[in-house]
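Note that chain A is present in both complexes that follow, paired respectively with chain B and with chain C.
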Partner chain A sequence: MIVVTNFRRWAIALTVPAGALAICFYVLPILQVLALSVTEPSFGLGNYIALFQNAAIGRVVRTTLVVSAMTTVLTIVFSYIVAFALVQMRPGVRRFAMFLVMLPFWISVLVRAFSWITILRRNGVLNSALGEAGLISEPLELIYNQLGVIIGMVHYMMPFAILLLYANLTDIDGRIIQAARSLGARPFTIFWRVWLPLSMPGLAITTLFIVIFSFGFLVTPAILGAGRVLMIAEYISVQISGTLRWGVATALSTSMLLVVAGLVALAMRHPAFRSAFGGSQK
Partner chain B sequence: MSVNRFSQDSAMIALDKFTSGKIDRRAFMTALAGLGLAATFKPGRAAAETSEIVVCNWGGAALEAFQKAYGDPFKEKSGIEVVIDGAGPSTGAIRAMVESKNVTWDATDGGMVDAATLGAGGFVEPIDYSIVDKSLVGDGMAAEFGICNYTFANVLAYDAKKTGSQTPAGWADFFDTAKFPGKRTMCKWIQGQLESVLLADGVKPEEMYPLDVDRAFKKLEPLLPEIIFWESGAQSQQLFRDGEVVMGNIWHTRANLLRKENPDLTWTWNENLLFSSAWSVPKGNPAGKKVYDFINSSLRPEGQIVLLRLMGNGPSNPKALDMMTEEDKAVYPLAPENAKTGLRVMAEYYAENEAELQNRFLDFISR
Partner chain C sequence: MMPGWILLQRLLPRIAAWLLLAFLFLPILVVIPVSLTDREYLSLPDQSLSLQHFASLLNWRAGWLPSMITSIGIAIASSLLATALAAAFAIGAWVHAGRWPTAMRLILLSPLIVPPIIYAVGMVRLWSRFNLLDTWIGVTLVHMILSMPLAVLAIGASLANLDPRLVQAARSLGARPPIVFAKVILPNILPGVAAGAVFAFITSWDEITVTLFITSRRIVTLPRKIWTSIADSVDPALAAIAAVMLLVTIVGLLIRMLVWDGRTPNRS
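Let's turn to the complex of A and B:
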């Protein structure tokens, strides 16, 4: 017992430098920035009141919510299909498929956005191919609008979602599936009554992850939306470096931080999340 | 704000020139070494005797171009080293530096609007005109908190192949989708955008300010579905290259690059919108008054011509015109031929209204 306690003490002591660094160079500056939201330009809650009175900010928030929700739903559906297929694959094939899933991780978000432009623009790869095949007479408007932003964001989020879901699906005990089959369940029933309920913790945590991540997208909406899709992160960025309205920018950042913290706290009350976070120590 | 972005864009252009072999490697590397030095020596040097002037611009190979155009001539005369720091002097960055009392820049490359905005906030020094010679720059280019280091313009660029070799007469044609069908591009940073819309709507140049924003929005609204908004100069150039747009409101430096690549992609100086970029001096700058000697030196035409040839930025010293070749004049916004129908964008107006206008514009185009 004593050995374990000492070990634990040492383990905790070893995290102190990293913790101190994080507090000094991350937490304190963030608090300083957040303090601006109640002191700039004058002391009080004026910036927060302004957030609610400003119709333009309301529209930015609404755009962000709509785009994030669409991104989340599409990412979850597509990623679940891929993750489910990965689980069924033979190990050799799976390794290759996994490599393909990971590939986008090595490409910067900027390059990915510009690649999407090449594919989706009016004279782009996709429109040309569809046009030559005689399927369309006018090029489709696939970018410089909300659709383009969502395509770019789903593409960005999918590798994360696939890995999270795959980890969850491989945890599902294969004997349960066998049991269901031996009891005469048809494939659809097995999926609907066994796979899906057992995937809930994974789906829940992945959804939360994507929603939170989507709120903060900056580069993808800026490039693929071309001014027509204004989301919170870009709005904050303009207020900080351009218009010098630091009070409003920090108030908006603080609010977003609180909303995200609130979402996590709320989610943690749900058993699916607790089991996803807590793992085996239920 | 758009002026900052313009400067940053010029740096990108110079970088392209370097990578395509138009600027020699050794000079480029020297400038990069200069940046490393700037990083090492930055803080805590205020007390020492002035042995260097730190100039902040938007990085990339504008480091090298500024060194050649402004730094080398000054060092030759004064013996004082000029260090170019490419960190990007956004108004936000200058404000943060001044408020934390850790100022490392002596002169910053921003716009006249930035200079006025920063001056109003008390973040920059008034330019000391007992040292800086106002007469070196053109009319209206010497303001309380900034003096013009170069000029540039927003121009109407077009794809001659798509317009059937017709030259658009001005912004009214930008709005004429029957005559010139196809997508257009405008900038999402406000300066110089509503002016083009109002000119198209028949507002006289002398009655342009204060901008009639509601009128501009009303005119612009039906065209919105046809517009792709650019946010970086490279992007504006790419839209033309890809054949995505028939016309655009873009910086003349980018239009110039397009024409060099492809003679069909060209521009008209008709109703161009002229901007002044400016030096500002952050409050409590390390070199003190010495910086004004540097500023004086940077206003000499010889160095400014160097910058025009490297990056397309127009001289602020009218005397530079006499030293220009025809080729130089073709890209100089203030050449008499080019400036005839130009409109000077009013910095004082933007200094007062830009924040509000920018937010309204972003809201309007994203609805």
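Let's turn to the complex of A and C:
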């Protein structure tokens, strides 16, 4: 019995350094953000009241909601189409298709944003090609607006969503599909009545992730929006690096954190999420 | 009903899927022709191909080379720290899945979900108090924290495949706890530790959101340098660095696919 506790004590000791560092350099700074939101510049809920009264912040929140919602819907629909096709592919073809998904997954978000700038700007690759083909007389405004931000964000989110959805679809028992087919169901019926219901847990968890990522995204909206499509993360960044309005920045950060926590808590009530999040507790 | 209709039902989703795959892949390739342009501004090559923008990457004063070295240094330091901490944590939590390790696990994984901008706001305050803004140690510590989630997941995944009876056998043969951890568990999860280290390295190498706020003039990582160049100008050197990163990623991915397929031929 003494040997057991000794071994356990060693095990717990191993978890302490990582835990302690995470508390000091992750949890505490974030708690400080929460604290500052009600103490800077004076104690109270003034910063939160200001959030609701400020018209500029209202616009930023609306933009964020619209762009996040569009990004999520497009990402989920597109990614499901790709993930569904991946499951049906022959192994060799699938490996090639997987490569096409993994490359954007691993490449720097900045490189991807830069590629989109090169393609979409006024005298970019796409506008020149369309112009030379005589399809347009005026360059299309494809970037530095919501369209450009959404294109870039969908492109950023898709590999991630495809991998999550694909993992979920491969878990579906192929015999169920065979059973449906042998009972005479047509392809569309099989998809609608069998595949789609069985994909729901995967679709739900992927949607949650994409919503949360889009909601707090800084890099792609900042580069492809160039200040003209201001989302919450970029607004916060302007507050702390430019105008030094810490009260507003921390109150917005806290609100964002609460929304994310609320979404996760809501999702955790569903058993599929619990198993996905607490998966590796042996 | 009609064969044509059924054919369309089967073909249409596949065509859509391949078009979407092209949407994912092709736009990234545009950096290659642009990086070879013979002009001084961002454009497709006009008269001839030129390597001048790759050459300018090697010019020390242009700043690309120093920022690459900075990024590699910080990525090595932070990923070594993160991997060691994550390995110790994962092993400890695997042996003793109590309340504290479970809670700590949630905290260690939370950077995957919590928007990095919130962490950036917190770190600017903390580091300005400790005078660690724009310092090597400040950036390395932050990257270490941000690299731990993927390392914990990778190492945890390989522990999940480890037979607990191995540990029981070692202990019943009288091995002391440090020996069990270092000589029994660790050698058996080395692939997971290696994968964790690679993930940690890439996380640090790519990190931009938090780095942007805790650095300014002295510590310029490669992502920070790219960020400023995108904001400032349309320098074709940007396309050259993007092309280099693209090629490195392609090579890395191909190696990984070959190694992976070689190790577990029946899995994909």
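In this section, the second predicted complex is superposed on the first by the 253 of 282 C-alpha atoms of A that agree within 3 Å, B and C clash if a C-alpha of one lies under 4 Å from a C-alpha of the other, contacts with A are read in each partner's own complex, and residues count from 1 in each chain.
Going forward, contacts are C-beta pairs under 8 Å (C-beta built on N, C-alpha and C of every residue); 3 or more make two chains touch, one makes a residue touch a chain.
Quick caveat: nothing in here was measured; it's all calculated off a predicted structure.
Superposition of the two complexes onto chain A shows a clash between chain B and chain C. The partner of chain A that touches more of its residues, comparing chain B with chain C, is C. In the overlay built on the shared chain, the residue A:Gly242 is in contact with chain B alone; chain C does not reach it.
Within the superposed three-chain model, A:Val229 lies in touch with chain B and out of touch with chain C [touch as defined at top]. Of the two partner chains placed by the overlay, neither chain B nor chain C lies in contact with A:Ile176.
By the document's definition of touching, of the two partners only chain C reaches A:Phe215; chain B does not. Contacts of A:Ile136 after superposition: neither chain B nor chain C is touched.
Once chain A of one complex is fitted onto chain A of the other, the partner contacts of A:Ser253 are limited to chain C, with no touch recorded for chain B. When both complexes are overlaid on chain A, the residue A:Ser115 reaches chain C alone and has no touch with chain B. Looking at the shared chain after the overlay, A:Leu196 reaches neither chain B nor chain C. Note on the chain A alignment: of 40-48, 94-102, 202-210 or 310-318, the part of chain B that runs into chain C is 94-102. Comparing which residues of chain A touch chain B with which touch chain C, the overlap comprises 117, 123, 223, 240-241, 246. Within the complex formed with chain B, the residues of chain A that make contact are 56, 59-60, 63, 117, 121-123, 144, 222-223, 225-230, 235, 238-246. If you check the complex, the residues on chain C that touch chain A are 6, 9-10, 13-14, 16-18, 20-25, 27-28, 30-31, 34, 42-44, 85-86, 88-89, 91-98, 100-102, 104-105, 107-108, 110-111, 113-126, 141-142, 144-145, 148, 152-153, 156-157, 160, 171, 177-178, 180-181, 202, 206, 208-209, 212-213, 223, 226-227, 230-231, 238-239, 242, 245-246, 249-250, 252-253, 257, 261, 268. Every residue of chain A that touches chain C in the complex is listed here, in rising order: 3, 6-8, 10-15, 17-19, 21-23, 25-30, 32-33, 36, 78, 81-82, 84-86, 88, 91, 94-95, 97-104, 106-119, 123, 125, 128, 155, 158-159, 186-188, 212, 215-219, 223, 233, 236-237, 240-241, 246, 249-250, 253, 256-257, 260, 264, 280-282. Contact residues of chain B toward chain A in the complex are 1, 90-93, 95, 117, 121, 183, 188-189, 228-231, 235, 238, 242-244, 354-355, 358-360, 362-363, 365-367.
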